[in-house]
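So that we are looking at the same thing, I have put the structure below in structure tokens.
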Amino acid sequence: MAVEYYGALVNPQRKSLRITVWGENIQEHRDARVGEIYPGGMHAAIAGGLARLLPSAQVATATLQEPEHGLTEERLRDTDVLTWWGHTAHEEVDDAVVRRVQGRVLQGMGLIVLHSGHYSKIFRRLMGTTCSLTWRDVGERERLWVCNPGHPIARGIDRFFELPMEEMYGEPFAVPAPEEQVFLSWFEGGEAFRSGCCWRRGNGSVFYFRPGHETFPTYHDPSVQRVLANAAEWAAPRGTWIDSCPKVAEPLEKIARK
Amino acid sequence: MAVEYYGALVNPQRKSLRITVWGENIQEHRDARVGEIYPGGMHAAIAGGLARLLPSAQVATATLQEPEHGLTEERLRDTDVLTWWGHTAHEEVDDAVVRRVQGRVLQGMGLIVLHSGHYSKIFRRLMGTTCSLTWRDVGERERLWVCNPGHPIARGIDRFFELPMEEMYGEPFAVPAPEEQVFLSWFEGGEAFRSGCCWRRGNGSVFYFRPGHETFPTYHDPSVQRVLANAAEWAAPRGTWIDSCPKVAEPLEKIARK
Amino acid sequence: MAVEYYGALVNPQRKSLRITVWGENIQEHRDARVGEIYPGGMHAAIAGGLARLLPSAQVATATLQEPEHGLTEERLRDTDVLTWWGHTAHEEVDDAVVRRVQGRVLQGMGLIVLHSGHYSKIFRRLMGTTCSLTWRDVGERERLWVCNPGHPIARGIDRFFELPMEEMYGEPFAVPAPEEQVFLSWFEGGEAFRSGCCWRRGNGSVFYFRPGHETFPTYHDPSVQRVLANAAEWAAPRGTWIDSCPKVAEPLEKIARK
Amino acid sequence: MAVEYYGALVNPQRKSLRITVWGENIQEHRDARVGEIYPGGMHAAIAGGLARLLPSAQVATATLQEPEHGLTEERLRDTDVLTWWGHTAHEEVDDAVVRRVQGRVLQGMGLIVLHSGHYSKIFRRLMGTTCSLTWRDVGERERLWVCNPGHPIARGIDRFFELPMEEMYGEPFAVPAPEEQVFLSWFEGGEAFRSGCCWRRGNGSVFYFRPGHETFPTYHDPSVQRVLANAAEWAAPRGTWIDSCPKVAEPLEKIARK
């Protein structure tokens, strides 16, 4: 019986990790504070950090404004790990593109969802829940604690790291129970939050990472860059499964007709 | 700080379980074999079994053909557990109704997904995966093994029970890892399958139960009826959470301005 | 094939919850601060709160100093939910009693592990991990956030509650990923912690609840008492399974001899 | 604050996987059937398959009869993945060695538990449950189905593979819910079983693989050898965490004394 019934492994031994950094790319142009911190766009800063820490990786960017938001069939087929930052325009992301991204995650592509991406169509679709939380945007200190110092996503991070100014996200965070908890956040204003969460969906690995408000230089922070590079390696495809729902014509055992 | 920020418990101590049995209600009218086995519709048979085994419950039915498929805001608000059987018309279920059902599950309503409902919009939306599988419809013996004899859904079931004629469903079953495995199926034709699977999504409990092909009298089987009654009790709301994504204006601790 | 092969349901419909509160009962007598806060012992305070909030329950206590630590076969057979507080004498708990408690949990008894009980033999045995953490005992404010307002263990708790003086416990908390996260703690001194964690082991429900240092009046706190009462109801047996590893002599299908 | 408080990464980038194959090594000498199939011992057959399929790995064996069962501190420190086959002498394994193996798994070493090893001290200790099951040893066909064709442990395996003669293991399998399900077994005699199960414990990866009864040539089967090689690669340490339970003397934030 041929393997075509439900899958085929694709590129299981690729040597160069292909990362696509997706950015909404709106507030960089509308809000002077954001434009000053990220003159090339937040996506460029994220991609730059990844390229520096993962020199053998192929890092590219894609934005909302490109045709098909830059996430064509071909581009996704050539992407091992996708990072997603969005905030003000979740509803402008085309449903067909969201389905396409979901399909690739289920086949094996890794997905790293950043900060306000908690409310993106793709994250809510993969989680099946509202993904809501509480928030306060006054700028305050955030300290991220490592829950498992041996986890690959925490590699090179000490017991904790701090961000001097960030937006606060608070519980309840309406997601399915994380399969692995990598970070918890402590906020100066009094809240705690599950800041680094892992799930498997289909054959894809999904990591949610909390920090990254647009008005703070979070993606220039060395610890944040280290976590993103670690997460990209962790989320690399473990094998790829092209799904279907096949009819299996012949039984393997004799069936007694009644 | 008021509880209105993100939730309120509703009816945590209801005494009478309110069950709505949803049926696609198509093949009963198009296929003589189905109409003979289920003259009142499959939903009527399922509801009848539940009403008999759970005499204190309020059991009602709803079908695709009713306005809003019978799943109005009011009906869902008054439903503790919803069962879902669909097969040929998944795409005809209105997206607005699917979102409404999903919203109620996340608030706390139980959902029991039956057989070909694995491909329903609501199940795929809650799982975030394709929910595909392999299948063969020649009619064969299925034996369902209990994985945890102490699980409430297996109450009253011996080590296993058998269905003399059923459709086969085979692995791979493309769902997130079940949080509890209640049944595995052995098929005469040579396959095995995860036939009773539990997940929590938001505050709702979801149970998938494999048997139930329309051309066989599965829903008249006493063991199947027992499992459905058990599952309805297991899936009863544990509390209800009306979700939002509130801004929390004031910090609880003093924040040092920089 | 008889059910005796591997299980029988025992008392699935008991109306009165039978709770045993286990206490190490040492520091109450050695440390004047503890004796002042808990003149009858910490176990008495915990039992008192449970009895007040669950008037239909049967609440009893047992301590390290009793024969078999008060946890005889008979006592455990008549216990639906056991709470465990220990700190300085984990190693004095007899291994035979630990195995007996474990056996009952796997059969279906609920277990609520309190504070320094994270290092008890029974908790480490059920988790399979070290259950270590970091700590600081200077007395500081702890704020416990609700991660899921609809969870039965959080019933009646607002968005959070505070304890003015507690010991700090910090990550990494070396346990398997919690199957449900009910509380996160924020500490005045700068740490965050997974403070309310749920697991199923065998057919038993296990809840770990962080607060409860002996030199603070934590078990007199109304919110703590509410959480413990909720947890006792949540951990009530769902069914009981008397385990074995039986040889199944006869196959159900004909086997072709070779 | 120094990392010594609770951990250090050890050898995260090792190139050569160091595998130790542990064997009970008793029935090979007592039962002529076993000795004929595995003249060098079952451990030698298992190690041979791994060495052939993973030519860059360092594969060694250790047996019950060696001092400290061959699992000295030094040997375990130099082991990345340990495989465990035992059957008749579980109780002869020294508790101190079991604790040592558990400690290394929690630090990051992978563990592959084979067949009757379900009842080994080390597996029961890591699971926290009885790990019991039902069984029948008459020799019958087993067909192992792949639940996730993209999982690294299923790499190179088609939809299923068969073993013409094996012992039967049946549900209920008394383990915590597997975090990933890789294989289900179908047995000629009528049972189904969760045959390939993954868990994380501490920082170690644990895989249970069902086949391997001593009187059948299972470890000479190419598909079984492929699964074991895949599992060894999957279970390779992701990072190593040397655990402790440190007192953290100084708070990171100012604590208001009362």
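Brief remarks on what is shown
Going in written order, the chains are labelled A, B, C and D, and every chain counts its residues from 1.
FYI, a residue touches a chain if its C-beta (ideal position, glycine included) is under 8 Å from a C-beta of that chain, and two chains touch if they have at least 3 such contacts.
What you see is a predicted model; the values in this text were computed from it and never measured.
Summarising the inter-chain layout, the chain whose CA centre lies farthest from the centre of chain C is A. Distance from the chain A centre to the chain D centre is 31 Å, each centre being the mean of its Cα atoms. With each centre defined as the average position of its C-alpha atoms, the distance from chain A to chain B rounds to 30 Å.
Averaging C-alpha coordinates per chain places the centre of chain A 36 Å away from that of chain C.
Residue positions of chain A touching 2 or more other chains, listed in rising order: 5-7, 143, 148-149, 170, 172, 177, 179-180, 190-191, 200, 202, 241, 252.
Viewed as a contact network, the protein chains are fully connected, with every chain touching every other. The touching residues of chain A, when paired with chain C in their complex, are 143, 145-149, 170-173, 177-181, 184-187, 190-194. Of all residues in chain C, those touching chain D in their complex are 5-7, 102, 106, 119, 125-130, 132-141, 164-165, 168, 170, 172, 174, 176-177, 179, 188-191, 199-202, 241, 243-253, 255-256, 258. Taken together, the chain B residues at the contact with chain C in this complex read 1, 3, 5-7, 9, 12, 107-108, 143, 148-152, 154-156, 158-159, 179-180, 200, 202-203, 238-241, 252.
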